[in-house]
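Take a look at the structures listed below.
Here come two complexes built around subunit A, the first alongside subunit B, the second alongside subunit C.
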Partner chain A sequence: MQLASAAASGIALGAIYALVAAGLNLIFGVVKIINFAQGAMLTVALYGVYLLDTHLGINPYLTLPVVVVAMGALGYVVHIGLIDRVLGKERASQLLITFGLAMALKNACLAVFGADHLSVTVAFGSRVVDLGGVRVTVASLIALGGAALTMAFLYGFLHRTRAGTAIRAVAQQPDSARLAGINARQMYALAFAIGTALAGVAAVLMSPIYAIEPDIGDAFGVMAFIVVILGGLGSVFGAAATALLIGVAQSVFATMINVQMSTAFVFLVFIVLMIVRPNGLFGRTTRVA
Partner chain B sequence: MAARTSLPAPDLAAPTVRLRSRGLVEAGPVAAGAATLVLAAAVAVPFLPGIPFYYLQVGILIFWYGMLGTGWTIAGGYGGMHSIGHAAFLGTGAYTSTLLAVHYHLSPWLGMLAGMGLAAALALLIGYPCFRFGIRGDYFALVTVALGEVMYQVANGATPLTKGAQGLALPYTGASALDFQFSARSTFYYVVMAMWLVTLGVAYRLRRSRLGFQLVAVRDDEIAAARGGIHVSRRKLTALAVSAAIAAAAGTFYAQFILFIDPGSVFGITLSVQIVLMAVLGGMNSYLGGTVGALLLVPLSQYLSTRLAGHPGVDLVIYGLVLVALMLYMPYGILGLLRRAPRWRSVIGW
Partner chain C sequence: MAARRAGTFRRRFGVALGAAALAAGSLAGCGQSGTGGGTPEIRIGLLFPTTGGMASLGTDQSNGVKLVLEWANAHGGVSGTKIKIFEGDSQSNPGVAATVAQRMIDQNQVQVIVGSYASGIAQAIAPVAQRNRVVLWEVGAVAPTVAQAGDRYFVRTVGASTTYAAADLDFLDGFLAAKLGKPIDQIRVAIAHEDGPFGTSVGQALVAQGKAKNLNVVAQEAYPETSADLTPVVLRLKATNPDVLLISPLVASTPLFWQAARTQNFNVKAIIGSAGFSSSTFVKKFGAKGVEGVYDVEPPAVAHMNSANLTADAKQLLDELRTQFTSTFGHDCLVHCGDGLGGGYILVKDVLPRAVAAGAVTGDSIRAAAAKTDIAAGGTPQGFGAKFSDSGENERARSVIMQWQNGALVVVYPKELAMADPVYPMPTWDQR
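Here is the complex of A and B:
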């Protein structure tokens, strides 16, 4: 039963991974850059939730609209101000610019809030529900439900709306999309904004579960990479399934063996799978050159 | 040899270069004299009467980072393998020589060779499957990030061997040159200076060798290079292994200089990023890039970290912003400004 409970908390963890990864996947798939700053964005959003909770006394879950809009705006500004200006230039500068941004954002959080672990609490969040012997907290259930709902919204947006269709068109064929009258640069910015906003959703859902510290984004950001690579580029459901798988595996590993070795193991698996199946566990294998 | 007839850099706007440029010789007597003067001044620094040890330490760090940046350039600049996990190799070197010295009383000089060998082996281990299956560009960078993380976590988790986060202290056995320990701190300055010079020499020779031209050809167009008869993955592996071995040697120096290592200080991702930063700021396609970057960034970061002692994180914010600004306004680095001048282009080995 202890293992089952560990697995259950792993599912909540996986749900958060899935959200962060969905944002990363959208940016990777549409703008075609690896956004190293996604984890740092999550950190920024978490501190945003913390500020709203402690200073204005808003329930963490109710900060969702504010945090999502603010993160979306931040993503938009970052794209217009930084990313858009290096697109189509040196590959190395695209990689390193998001890396520099991540460093600046994360350490700005450290400079402002210090290295202490902060936390926000929801009265009912830590209440434990017993589901046939498996004990999970209410906050974990909300995280899972919220993540599922968000993914459904994202899917609906991408497949059922004009803007979503335009984003997918730009992702597939930027030049043809331009010929069809789509403003590709605007769609890039929109995709980047939505990707960042998804980190905001993840932050709201995870805030009552995890202690907030400047380094927290690293673990989630890197794990999101793993999910995107393994889940397959552009595959929403493949990524979600991989996220849950990794969340459960990591949680179970950490209870059975020690935490460092389980993290090292996950990264090792990542390296191996990246080399063997660069198109993801569920993707088709095509090889260029 | 197809590689020799191709341009050594991707920007086609640059003027055509003579096929056999004469390298450093083209700098002319004035520049050569200036360089000699600067080097002589660097040699004389420890002899200045009453120089505070702090300044000597800054000098040591400049050479150390210069060495690391130059080593990175061999893989990242010449070969286009942007590794963001070079700390994995550095830490391998530091831990190998330290563990051998602590447990088997092996001289760290030999330990350094062993560490260099192990780091090169690690580079081959990670590089072979990557290049065999065509993992390049951003994907390769991701793999190196993961490699750095694996090594960091293993060093933390394998407590019986590495003592984990507690770190390893090297016993001070008295000043014995054979043990890579010196009573005069200025000796460390000369040792690291020599290591930097050797690295610079290797990078310079390598750039002008057949291997160097082949690497640049691979970086600029892998498929065309393969068509030209270059064994792409073998060339990339060689460059990565050399680069890793240099980082490992720097790791041993760090361990001997500080006499204490822990996973955070030799395997940390911040270190990996700093190495990249040195090379990118200076100009990563040039063998001099790492040195130029270190000359600017080390004093800056030392100044910032003493000035902002009570404010953790602020110095790294500035580092991050410098990187962002650099990528926006000067993606080719400082030496990259010279890349269009035919004469200097040959001198800096762009």
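Here is the complex of A and C:
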């Protein structure tokens, strides 16, 4: 039962990793930019949930449409105002501009909200569901279901809509897509906006579980990079499966062997896999979906 | 007419310039040689993490010290000498802490740095202070390894982590053993702690002191404070079926641990936490019912400490400033604010007057003055006394046991500082 509980907790953790990684993955897969600001975007979105919950009394889960649209708009503005200007430039400029953006967003949150650990509470979220002896919170189950729906939505959008098809075309063959009349710059902006909006989805679903503070995006941002790289850059389902695998491996290792070494274990596996399978666990690189 | 006005302006400008030059000379002298010979102020740097991950409690501690220093100025200063306060932010980062400490010494010519909230931060400041012969007046960090052996510019007013372990074992022996119906060596004790300097030092002190009492430690779990999920820690602890859990987390991991304990239905007869378990975030997140009965070991949460047994001076300051803290900052003066009040009080009421009387306020005169401190129990706002060893440790510092009762963190042990009796057993998760 201890092993099953550890695995269940790992799946719940993996769902959170998958949600955070999804936006990062889309942005990398399409815009080809390593977005160090994704963790900070998550932080901003979490504070957005907090504001709507505490000042307007909106249930954190019901803030989803507002937070997603606001984050999408923020992502669009950031892309047009910053990212678009460095797309053709050297990789170091791109990295530094997203790193600078992350610092600016984090410190803006600190200045506005202070460093206190804030929280939102959903009464039913902390209720416990007993699944044959394996106990999980309702909030974790909602995060897991939300992650599955988000991946399905993302896949459907990319494969069943004209905009999604255009985004995939730009991701795979930007020059050919331009020749076919697709406005590549607009597709980049759209992908960045959706990627940032996905940070909003992650924020809403994880807000009842974690304390909100200016540094919260850091740890999840780093883990999202691991997930994206191991899952195969640009592969939506590859990243989601990898996120679940990492969550379960980390949790089971921590429970059965050693808690302190569990993060080191994940990074060690990451290094080994990067040597053995440089294209990621599922062998796909820089394709969208 | 215009020429006369111009001449008047030149004369006034000349006088003002001369006065400014004299004032500048006076201040420069103060900076270089400290207070003495009638120089006008004592320069104190407050260096705490007021931004970053440690900011919520670090800010409380800084505000606690600042209230005392301002209180001293409002009451005539230290033997007539005013205190000038310089505030610095270590940004929860040891590297930044060392840089800011050096800047405070070079640019502000502070004669004492009061800090630091966290052991990792204090470890970075201590060598800077020592190198510059400036006292680090430590009111918050508890790891025994903060200062190098032989560092005579380090003075700590609060008890080291050994006092946490001593209070835990005293409470186990003096209260919980009887309630559990077992002698202390038969109580199944689990120890868990974050793996930074704070948690590790408390864990090590518990194991070391527990050996003398044949403590039956059934689990010892260290975990990173930044863990995204503490279910594994809870599952490992639960498997050992402890009667009592002694846990030392920081603020961030406490809600995650408590939620995981609730999810996994991990019940113990008593849990004694510290740090994160005494923060206002803890009760905000889980509500009064959710934290009811949880114990905490630390220096006292002075807002809910009985001040009747303190000396008149300590009681007056505590009663006034804990009320002022609540009205100014909107929450109670709990453990870390109390550390600031207590440490600041010993500095301005006991040590600095002797340093001023010695003729010059310098790192050496402050340290020499601290060596003569001899305050009996009840003589500081935290209820314990003060006497500093050669290594700068307050040999009379104590930690106490508090308990969350009806949403307030109340001192329950020892009796002389208690506001209420300890309640036993802790409610199970089904009863919350």
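Rule of thumb we're sticking to: the second predicted complex is superposed on the first by the 266 of 289 C-alpha atoms of A that agree within 3 Å, B and C clash if a C-alpha of one lies under 4 Å from a C-alpha of the other, contacts with A are read in each partner's own complex, and residues count from 1 in each chain.
Note that a residue touches a chain if its C-beta (ideal position, glycine included) is under 8 Å from a C-beta of that chain, and two chains touch if they have at least 3 such contacts.
Since the model is a prediction, treat every value here as computed from it, not as a measurement.
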Once the structures are superposed on A, label A:59 by its partner contacts, choosing first (subunit B), second (subunit C), both or neither. neither
Tell me the contact category for A:263 with respect to subunit B and subunit C: first, second, both or neither. both
Mind working out whether A:165 is in touch with subunit B, subunit C, both or neither, as first, second, both or neither? neither
Could you tell me if A:186 is touching subunit B, subunit C, both of them or neither one (first, second, both, neither)? neither
One more residue to check, A:126. First (subunit B), second (subunit C), both or neither? second
Where does A:115 make contact in the superposed view: on subunit B (first), on subunit C (second), on both, or on neither? both
Between subunit B and subunit C, which makes contact with more of the residues in subunit A? B
Have a look at where A:13 lands relative to subunit B and subunit C in the superposition and call it first, second, both or neither. second
Touching A:93, do we find subunit B (first), subunit C (second), both, or neither? first
Shared subunit A footprint, subunit B vs subunit C, residue numbers 110, 114-115, 214, 260, 263
If you look only at subunit B, which of its residues touch subunit A in the complex? 82, 84, 126, 129-130, 133-135, 137-139, 141-143, 145-147, 149-150, 153-154, 156-157, 164, 222-223, 273, 276, 280, 284, 311-314, 316-317, 319-324, 326-328, 331-332
Within their complex, state which residues of subunit C touch subunit A. 50-56, 59, 195, 221-224, 226-229, 231-233, 235-236, 239, 251-252, 255-256, 259-260, 262-265, 279, 281, 284-285
Can you list the residues on subunit A that touch subunit B in the complex? 34, 82, 85-86, 89-97, 99-111, 114-115, 214, 222, 225-226, 229, 258, 260-261, 263-264, 267-268, 270-271, 274-276, 278, 287-289
Sort out for me which residues of subunit A touch subunit C in the complex. 2, 5-6, 9, 12-13, 16, 110, 114-117, 119, 121, 126, 128, 135-137, 209-211, 213-215, 219-220, 223, 251, 254-255, 259-260, 262-263
